[in-house]
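There are two complexes below, and they share chain A, which is joined by chain B in the first and by chain C in the second.
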Partner chain A sequence: MPEHAALDEIVIARAVAAAVQRVPGVAGIGQGRHATATYGPNQVIRGVGVTRARGPLDIDIHLTAAYGAAVDLPGLAERVREAARAALDDLGVEEVGRIDVTVEDLRVGGEQP
Partner chain B sequence: MAETRQNVAETRPQEAAPARATDLVTEHGRTTIADDVVAKIAAIAAREVPGVHELVSQGVGGTLSGLTQRVAGGGGDNIGTQGVSVEVGQREAAVDLRMIVDYGVSIPQVADAVRRNIRNRVNSMTGLTVREVNIDVTDLYFAQQQQQTDTRVQ
Partner chain C sequence: MNIFNRLLALVVSALLVIAAGAVLLVMLGLAEPASLSPAPWFTDRLEDFAALTGSDRAWTITVAAVLLVVGLALFVLELLPGRREPPRLTVRQDGMGRVTVDRRAVQDLVSWEAAQVEGVREVRSHLLEGRDGLRVHCQVSVDPETSVPEVTETLQQRVKTAVERHLGRAVAAVQVDAQVAPLANGRASRVR
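Up next is the complex of A and B:
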């Protein structure tokens, strides 16, 4: 437990952001008008909020989905949640609370990873 | 089950939910799909139907929402939600649509196809059931109008 207490929010947010952006069907994060963000010294990770209010870590992810005829948004959100959880595991974060996912926009014909 | 759901909805104020939307609460967290996303899916679905020439916003409300979107929305994305308004509940959505159709098509058939496509797309992408799609055909498009129309469409 003391090990992940040393991890800064911004480090966690960056790892989660990177993992989420690699999920097929995600066109981007933190681009919407309601974007959440994590702030650190001289840096901002948009689209990922990290809250440590109560014991476990709560994550809030705001993303833009890539439009495709077969995209199922709740399914996409679930894959995003899994990717975030895996990234947190890799960092050694043990206590993870909720991972909230908001699909705030849809991109059409854009650059899909 | 229905009662529990209602209680939850009543006791939980419309807190920080940004673009108040369809919520799917799981044990691992909540998934939220913004109303704008539902509107965009409906807009795309309508445009996919041949015979639909364009979706148009109309009146002050439409103009304002179009403006808001242009100011706040991301650049480079030309599919907006103008001409579409949605009402999204827990499990259902209602869609209002204003559109221009190509001259010569059967409007009831096109409207029917638009309705079907919106229902299918919204349901497969968000899980919401589309209760109704109200369609307002505001104008006809004639091919000869090409030049006029081109200047009108931004």
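Up next is the complex of A and C:
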């Protein structure tokens, strides 16, 4: 893989991760049981996978949701996808394929349910 | 496993069975290489095996037998429908992508909700995806003083409400098996 492509992907992953972590109801990313990450030179962004396997950019987000009476996981996932898409728009990424969201864990306060 | 991976596993296991079976038949003297070979290159390979003697022959027979068994087992397992559950539940799939929830996270959710029910001491949960919705099976250990019918009803309602609210998926049934004795070893959550 050319170095500039890896750099691009790590920049994208970092921006998406930052955006997702700001979504209310997200307790964390990349802390679950199945590791997904984007690797760049000397850095790793856990919880966000970025691939270009089929041309457009595919994003795979693995998050831990805060568990509470009001949590609606499909709604949360929708907000996460919107946040990710906004972050990609800000970066000028035009070709976006899938944005998959996986809720790996649920957390009540500081604990898992 | 998706259909492509399953087909790939079927093809690989079939090739393994054919190759190991052919080697075994030739080495045990049950067939001639030429009679088993679809192509000359395969005849040459089988003749190499047929020429082995002593410990090489014994080892080759053993390895071929093991590979034959493994190949057969893999082939049969791949043909069995619905024996494995996907590790994640899909709660939404649209043009933008797929939203999934780890099955164990849902089991944790069920256990956490069950833990809120008075009298429940341990929980083990299992999820199945049916055509009419999710089916949740809870095995619980309860206090001896507890009314089992009351606990069961409360638990069913609580779990159904929580899973439907949080996952947005219909729950077709919540089956509860309650017992006073502690649950046997397995992935059970002690809640009291």
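In the analysis below, the second predicted complex is superposed on the first by the 103 of 113 C-alpha atoms of A that agree within 3 Å, B and C clash if a C-alpha of one lies under 4 Å from a C-alpha of the other, contacts with A are read in each partner's own complex, and residues count from 1 in each chain.
Operating definition for what follows: contacts are C-beta pairs under 8 Å (C-beta built on N, C-alpha and C of every residue); 3 or more make two chains touch, one makes a residue touch a chain.
From a predicted model like this one, the values you see are computed outputs, not experimental measurements.
Peer 1: Clash or fit: how do chain B and chain C relate after the overlay on chain A?
Peer 2: Aligned through their shared chain, the two binders clash on chain A.
Peer 1: Just checking: does A:106 make contact with chain B only, chain C only, both, or neither of them? Give me first, second, both or neither.
Peer 2: Both: A:106 reaches chain B and chain C.
Peer 1: May I ask you to decide whether A:98 touches chain B, chain C, both, or neither, giving the answer as first, second, both or neither?
Peer 2: A:98: touches chain B and chain C.
Peer 1: Counting only touches as set out at the top, which of chain B and chain C does A:31 meet: first, second, both, neither?
Peer 2: first
Peer 1: With the two complexes superposed on chain A, say which partner A:77 touches: chain B (first), chain C (second), both, or neither.
Peer 2: So A:77 meets both chain B and chain C here.
Peer 1: Pick from 20-28, 74-82 or 164-172: which stretch of chain C gets in the way of chain B?
Peer 2: Only one listed stretch clashes with chain B, namely 164-172.
Peer 1: Output the chain A positions appearing in both contact lists, the one against chain B and the one against chain C.
Peer 2: In chain A, residues 32-34, 59, 67, 71-74, 77-78, 81, 98-106, 108 are touched by chain B and also by chain C.
Peer 1: Taking the complex as given, what residues does chain C use to touch chain A?
Peer 2: 87-88, 91-92, 96-102, 104-105, 108-109, 111-113, 165-168
Peer 1: Which bits of chain A are touching chain B when the two form their complex?
Peer 2: For this pair, the touching residues of chain A are 31-34, 59, 64-65, 67, 69-74, 77-78, 81, 85, 98-110.
Peer 1: Tell me, which parts of chain B touch chain A in their complex?
Peer 2: 18-19, 21, 24, 26, 28-34, 36-37, 40-41, 44, 72-74, 76-79, 121, 124-127
Peer 1: Please output the residues of chain A touching chain C within their complex, sorted ascending.
Peer 2: Against chain C, chain A makes touches at 32-34, 58-59, 67, 71-75, 77-78, 81, 97-106, 108, 112-113.
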